[in-house]
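Naming follows writing order (A, B, C and D), and every chain is counted from residue 1.
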Amino acid sequence: MINKVVKNVEDALKGVASGMEFMLGGFGLCGIPENCISELVRLGVKDLTCISNNAGVDDFGLGLLLQKRQIKKMISSYVGENDEFERQMLSGELEVDLIPQGTLAERCRATGAGIPAFYTPAGFGTEVAEGKETREFNGKMYVLEKAFNPAFAFVKAWKGDTAGNLIFKGTARNFNPMMAMAGKITVVEVEELVEAGTLDPNQIHIPGIFVQRIFEGKNYEKRIEQRTVTIKS
Amino acid sequence: MALDKTQIAQRIAQELQHNWYVNLGIGIPTLVANYIPEGIDVEFQSENGLLGMGPFPIEGTEDADLINAGKQTVTILKGGSLFDSAMSFAMIRGQHVQLTVLGAMEVAQNGDIANWKIPGRMVKGMGGAMDLVASADNIIVAMMHTNKRGESKLLKQCSLPLTGVGCVTKIVTNLAVLEVKDNAFYLLERAPGVSLEEIKTATAGNLIIEGDIPEMKL
Amino acid sequence: MINKVVKNVEDALKGVASGMEFMLGGFGLCGIPENCISELVRLGVKDLTCISNNAGVDDFGLGLLLQKRQIKKMISSYVGENDEFERQMLSGELEVDLIPQGTLAERCRATGAGIPAFYTPAGFGTEVAEGKETREFNGKMYVLEKAFNPAFAFVKAWKGDTAGNLIFKGTARNFNPMMAMAGKITVVEVEELVEAGTLDPNQIHIPGIFVQRIFEGKNYEKRIEQRTVTIKS
Amino acid sequence: MALDKTQIAQRIAQELQHNWYVNLGIGIPTLVANYIPEGIDVEFQSENGLLGMGPFPIEGTEDADLINAGKQTVTILKGGSLFDSAMSFAMIRGQHVQLTVLGAMEVAQNGDIANWKIPGRMVKGMGGAMDLVASADNIIVAMMHTNKRGESKLLKQCSLPLTGVGCVTKIVTNLAVLEVKDNAFYLLERAPGVSLEEIKTATAGNLIIEGDIPEMKL
C-alpha cells in the first residue's frame, strides 16, 4: 500500500510558489479546502492563477487571498458575492476568465483523464467561443475546449484513507473529484483520516492514485452563504 | 391584471409533465417547485451536484454540505442522489434533463437569450446557464415582459452579450405566455385582464397573434 | 420520485427491433446483463450492432446471440475466447470494429455526457487512426474519436432502487456505468431491487436520471472464465 | 544461459520503484507481481477497474465479480479501490500509472511496438494495449528475444501492424536488458552466461554496445 499521508498543512503545501496555477475545489463556500487556503495566505505566495468555480466571499474562502492581493487571475464560472473581487476586477488589478460551469467541470476532468481537448455545445454563438474553434457534429454546433495544466490541486474531502482514497459528502463533492484527478500535485485535506482498508473499496469516489498528499484538516468553519430554512408549523 | 412573480411560477408549473427531470434557475424559476400539479412526479436537478432536491430544511437541521446552485441550504428527497459537477453537466449536456426554466434580461424572436452580462457593469459570470441553454431541448424563460425602464425584453434581436443562440422555446412573463418559433413570438395566453394591445405595446419583436387568445388559468 | 420499475424482462425490452444498435455492459462474462441477453435470444431480433467490450464465450453472454446469428456487427476491444465468433468473422458473416478499450469507455461516456467528440492519444500511428483526424496538442499527437448513438443500453447493476439509482459491485462495474449514461433507452437489470430512499444518496454510482427501465433479474449464473486460486498451504 | 519466463519477470521486478502504480499485461508481465523487492511499496492497476490488485483468492473464496484484465479471479488488497472503465483509462491516459509492462511480437529501434495483430490470422483485438502504450512514459516490454522461428523480435522497423509508436523505453528478454533510445537498442545487461555475440545475432535492429556489459543479477 502506497502511503500518501503528510504530517500537516505546512508539509502538504511544500513546493508552492508565487506565479503558479492552482485548482481549488468547492462550490460557493461548500467543500472548499479551508486549511490549504489559510496556509496559502500565511505563505504569502503571489501572482497566483486560481481555477475555482467561485471566488469566495469578502472574508472567507478565496476572498482571503483576494484581500491580500495574492491572486493575479481567476478562472471561474461565477464570481458574485464579493466586493473586493469587484473592486480589483474593475480597477484592472485582477484578470478574470469566465467560463461556463459545465465546461469548467469537464476541462478539469479532461486534465486528469489525459484528454487534451473536447467539443461542447456550451457557449457556441457567444463571446465564450470567440477565438475558439467551432465545429458541427450531427447538425449541431460545438466549441473546442482544452484541458488545464495546474501545478497543484487543493481538494477538500469528507473522509480519506492513508492510501489517498477519498469519499466526499453531500454537495461538498462538486468540483473536488475532478480537480483531485487533475493536479500535477494533488493535496487533499479531509475531515477524517482513516487507515487504508477501513473504507469500502466499492464506495470510494476518487482512488488514491490521483492523490499525492493527504492530511486531516482542522477547525472547519463550513460557513453557509444562504441559510434558508422551513419554519416548523 | 399582470401576474406577480409567484403567479409566473405558478403558470410555469402547469408546463411540468409526469416523470420529468427539471432544472430551475435562480429567482422566479426557483418558485416553480412550490406549485407542482397534483399527480405529477418530477425531480429537480441542482447543477452543483444534487438530484431530487427537496424543500428548505427545518430550522436547526440545515447542513453546510447540502446546498443548491443558489447556495441555499436545501434537503434531498427519497430517491435523490449526489454527484460531482462533471456528472451533473453530463446530465445537462447529454439532454437527460427534460426542462430548464431560467430568467433572462432579453430574449430574441429567433430564440437567442441574454442573461449574464451587461457591458460596463460588474460581470458575475454565467455559472451553468450557458451549458443549460446550449443543451436543453425545452427551455422556458421566466421574466417580466419589460425591464425597469419599461423597455421590452422580447426583441427582434438581443442587444446584450448572448448566453445562447436559438434555444428558448417558451416564455412566461407577467403579461403573457409565448412560444418562440419561426423567428417570431407566438402569443398563446394572456394574463387575466391583460389586453392584446398591452402585450403588443410591450413586445418589440415580431409578435404573432392567431385567433382568440385565451386568458391564463392559475 | 420518478418510478422506473418495469414488471419483467419482457416489458423491459419493449421496442427492441432488428437492425438496432445496442450497448451491453460487462467485461468478459463479469457484469453482463444475463437476463436481457436471454430475452434478446428469445425475441430473435436480428442484424444487431452490439457495442460491448467483449463478445462472450461460445455458450454464454453475447456468444448466445452469435450462435443464433443475430449479430451483424460487433464494436469491441477484445473478442478472443469464442470459436463461433472466429468462424463468423473469418467467413465474413460478422463485421467487427475493434477499438482500444479506453477509447471505447470514453466514447460511451461521451455519448451520455453530450460530448460529440474528443481527442485521445490511443491508436495514433496505428491502423485505428486511419481515416480519422489527428492533431497535435502540447507536442503530442492525438486522434479524434466520436460518441455513439445506441437505441438501447443493457446494463447489469448489483443494487438498484425504484427511482433507477444504481450501485455496482467489484469489477462487475466496468463498462456498465457509462453505458447506463449512454442509452437512448437504458434498461437495467439488478440483483436486488430496493425501494427508493433505501440506498445512501452519497454512494450511488449512477443516478436514476439516466435509467429508463429497471427490473430485478433472475437466475444469475455469473460464470467465471478463468478460475485462478491460491491453494491454502 | 538464457532466462526463462519467470526469470524475465524477476529481472523486470528490479525496475519497480517505491510508491509506483504499475499496470502488468497478460503473460510474463503478470508474473512480475511475484517478485516485488523488499521495502518497495507498489500497487497494481488492472484496467477493468481495480487498483490494489492482490494475489489469486484462497480456493473456495473466488468471486465472479472480482476479476483482473485477464479475466482471472483475483483479490483486492487493503487500500485498494474499484471503479469503472472510464475512470480506469483516465488513470492510464492521464499518466497516473508510473509503469506499464507488456508483451510484444515486435519492437522497433525507434520504440514502435506491435503486439496485437497478425495479418491473415484471427485478430482478437487490442484490448487496453493501445491506450497503455500511447499514454505511459515508462513502458517495459517483456518478451523472448526471438520468435518461434528463431527470427529477431528487435527490429529496424516493425513488420506487423503497430500497437503504438515510439513508446517503448526498455526491453527485458531471455537474453538481455536493452534501453530503446536515439533510434537504437542500447545493451545494458546480458543474461548470465549469454555472450555478446549471441545477442548480436539475435538482434536485427541497430544494437549499441558501449563499454563492458555486465551480467544480470537475479
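To be clear about the criterion, a contact is a pair of C-beta atoms (placed from the backbone, for glycine too) under 8 Å apart; a residue touches a chain by one contact, two chains touch by 3 or more.
Computed from a predicted model, the values in this text were never measured in an experiment.
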Centre-of-Cα separation between chain D and chain A, whole angstrom: 36
Distance between chain centroids, defined by C-alpha means - chain A, chain C (Å): 33
Where chain B and chain D are represented by their mean Cα positions, the distance between them in whole Å: 56
Multi-chain contact residues (two or more partners), chain B: 82-83, 86, 89, 92-93, 135
Chain A: positions in contact with at least two other chains: 106, 109, 113-115, 120-121, 168-170, 202
Category of the chain touch graph - line, ring, star, complete, other: other
Touching pairs - complete list by chain label: A-B, A-C, A-D, B-C, C-D
Chain A residues within the chain C interface of the complex: 106, 110, 113-121, 137-138, 140, 142, 146, 167-170, 202-203
Chain B residues touching chain A - in the complex, by the definition given at the top: 46-50, 55-60, 62-74, 82-86, 88-89, 92-93, 112, 122-131, 134-135, 161-166
Chain A contact footprint on chain D (complex, rising order): 19, 21, 41-43, 45, 51-52, 76-83, 86-87, 89-97, 135
Complex contact set, residues of chain C against chain B: 1-3, 109, 111-115, 161-163, 165, 181, 196-197, 201-202, 204, 207-210
Partner chain D, residues of chain C touching it in the complex: 27-31, 53, 76-81, 86, 89-90, 96, 98, 100-106, 108-109, 120-128, 158, 168-178, 205, 222-232
